[in-house]
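Look for subunit A in each of the two complexes below; its partner is subunit B in the first and subunit C in the second.
The block that comes next holds the complex of A and B.
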């Protein structure tokens, strides 16, 4: 089973929940940190890194000897990444989506593709947990190819946990697609509710079952709980605000180590997730009200 | 007129960007406000905006296969690099009406590159423009606010961010306001880059945690990459004073200017629930926020 942990709002506790869920399990487990812009899970899981590989994307390279400056490449490109002037076309690699359209469009076979590194995937182990994360190079705009490269490591081993980035758009979609279950971590505040509603929209558009974890559950108001109730979204875990958890978090110590009594609750969470991800549950529409 | 653009980012999510921008907006009263966290915009929740203009954001295209014209050759599936073409197995075959394989586009996966459109021999693929969201110009008690909502699971958030900033700049010129105050997104990717390029000054709000420090250093590196001056303030500093001091030192070494610290204060959530900025309620965080604003204003040149 693959569980993705997302949120909408940043800072609600995705990594906290993902890491504690991972540490509470005894099944073979793969942890993927998909927040490739700001990967933090390694700060808590402290994996021994065993290997790494660059994430490379294809960008066009024009052979000036063959180019006739016909402009076909420029017309084919929907991203203004290759611009044809009177002489050899100019390439803007940071705008390129690596679609290959310019290569196909060139009547003179003057364009080939070269590789450009935009990030890195690192693989390792933390105790019995297999770990991998992606890191986007600072200055690069596109997180999605790094997230796709990370999820290629997605070999089914009992349980895969994907720690998604904050937000609701394409990086989050790339991180959560194809998972069996999405857990949205929120906080009981107006910002938390607002962003949760957007995140729910994203998850539903992908047709995935979902559940909610309310973190710092006693710190705001009741509107998140009320919203989940109205929408038929199961609240699978509530974690009260706890200075000990916050302090441990600030030092890179997982919640489940700061408060060992949480272990049982995360074990229960895993059971609930398995139930909700099951095909029978999906057919009944449990947890995925439309 | 020389318009200053001051942008608040964080690297890490949840450090308090929007809460701070809400307070800064109240304190200055003379800025054009821009919410560039278009994925998950929250600033409007503090400012009770009255929407004056609402504009559709159309960006990019999505391929759509017209099944009537499709010959089932499968060239689109061969060429698509984004896994956006699905082959559908025919549901029934009868002697009189054998079904050819059909193909369809997954609109969420579709990158809008147009390769399938251009190379379909039967011209069977349409390529309509994508409605990717909308943006708004609103009136608030602190001045005009430009904000947006990106469509669900949409792409092109960077373009929408750029649109919001352009509108804010137009409003500033038209309204003779010399300051644009931007609530930025978390992370370091395309929406953040679109929020900070060309800004006068960036304030990175961080928290005294190992994650906060890690993420701050990446966003500061991003600012250096684009040659933009950065200021730093530590929010909720008293949750870990030792970590706060360490982060401030790391920020200084990274070339950022320190503009103050804000204590943890439950008033922040209380204010948010009341749809108010913290400085409109009062308390320790409010007092510290005023000082941070004054300090940032002084260094943003």
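The block that comes next holds the complex of A and C.
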């Protein structure tokens, strides 16, 4: 089973929940930190890194000798990554989406694709947890290729946990797509609710079963709970506000270690996730997309 | 010669748009014929990326030799340079005032971009 942990609003506790869920399990599992612009799960899981590989994307390279400055490549490109005005083409590699359109469009076979490194995947272990995260190089604009490379990991385990980036844009979709279950972590505040609703819309468009975790649950107001009730979205876990969790977090100590009594709740969370992700549950539409 | 000025609305009395890539309009002025053409840049306004490049393509296609604007970003500058369009930054006031400043040699020819991408 692959569980993706996402949110709408940032800072609600995705990594807190993902890490504690991972540490509450005794079965071998794979933890993928997909927040490649700012991976932070390693601060808590402290994996021993065993290897790394670069993530490369294809970008056009123009053979000036063959190029006739006809501009066909420029017209084919949707992203303004290759521009041919009065001159030989200019390439803007950071805008390129590696679609290969310019290569196909060129009538002089003057364009070939070369590789450009945009990030790295690091793999390691933390106890019985197999760990990997992606790290996008500083200055790069596109996280998605690194997230795709991370999700290609096909290590066979019973449970894969994907810690997704915040928000609901392309990187989040890339991180959660194809998982069996999405957990949306929220806080019971107006901002939490607003962004949760947007995230629910995104997950439903992807047709994935979803559940909600309410962090700092005894703070704020009841709107999130009321919304989930109206929408038939199961609230699978509530974590009460506890300053000690925040203090531990600031020292790189997972919530489940700071507050061992949370272990039972996370064990229950895992059971409920398994139930909701099961094919029979999906058929009944329990907790699933509407 | 043909001059393009980034503008907030149409015509010679329009205010200069300090942005180039996401300028609302371009006013094309021919110093010989004194003709004025207004060109829309709406497509670049909401572009997530490549607005400067797209705007530069527009300016190049208009046959402009000079561009007068407030500021010019790095990708726009590179594209304009490849298209042999001379960029003058620091234009202000109305389109007419910008053209007058240029013709009197009071605008600075830009040797490079003067702002970062997505600065506005």
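The rule is short, and it goes like this: the second predicted complex is superposed on the first by the 287 of 290 C-alpha atoms of A that agree within 3 Å, B and C clash if a C-alpha of one lies under 4 Å from a C-alpha of the other, contacts with A are read in each partner's own complex, and residues count from 1 in each chain.
Keep in mind that, in the parts below, contacts are C-beta pairs under 8 Å (C-beta built on N, C-alpha and C of every residue); 3 or more make two chains touch, one makes a residue touch a chain.
Note that the structure is predicted; figures quoted are calculated from it, not measured.
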Touching partner for A:206 - first (subunit B), second (subunit C), both, neither: first
Touched partner set for A:12, first subunit B, second subunit C, both or neither: first
Which of subunit B and subunit C A:83 touches, first, second, both or neither: second
First, second, both or neither for A:27, with subunit B first and subunit C second: neither
Subunit A residues touched by each partner, larger count belonging to subunit B or subunit C: B
Which of subunit B and subunit C A:92 touches, first, second, both or neither: second
Touching partner for A:141 - first (subunit B), second (subunit C), both, neither: both
Set of subunit A residues, in rising order, touched by both subunit B and subunit C: 79, 141
Contact footprint of subunit A on subunit C as seen in their complex: 49-50, 53-54, 56-57, 60, 75, 78-79, 82-84
Partner subunit C, residues of subunit A touching it in the complex: 74, 79-81, 83, 85-87, 90, 92, 95, 141
Complex interface listing, subunit B residues touching subunit A: 10-15, 18, 39-40, 42, 45, 60-61, 79, 81-82, 108, 111-115, 118-119, 150, 152-155, 157-158, 185-190, 192-193, 207-212, 214-215, 218, 221-222, 225-226, 239-240, 243, 266, 269, 272-273, 275
List of subunit A residues in touch with subunit B within their complex: 8-12, 15, 35, 37-38, 40, 43, 76, 78-79, 97-101, 104-105, 136, 138-143, 165-173, 177, 189-191, 194-195, 198-199, 201-202, 205-206, 219-221, 243, 246-247, 249-252
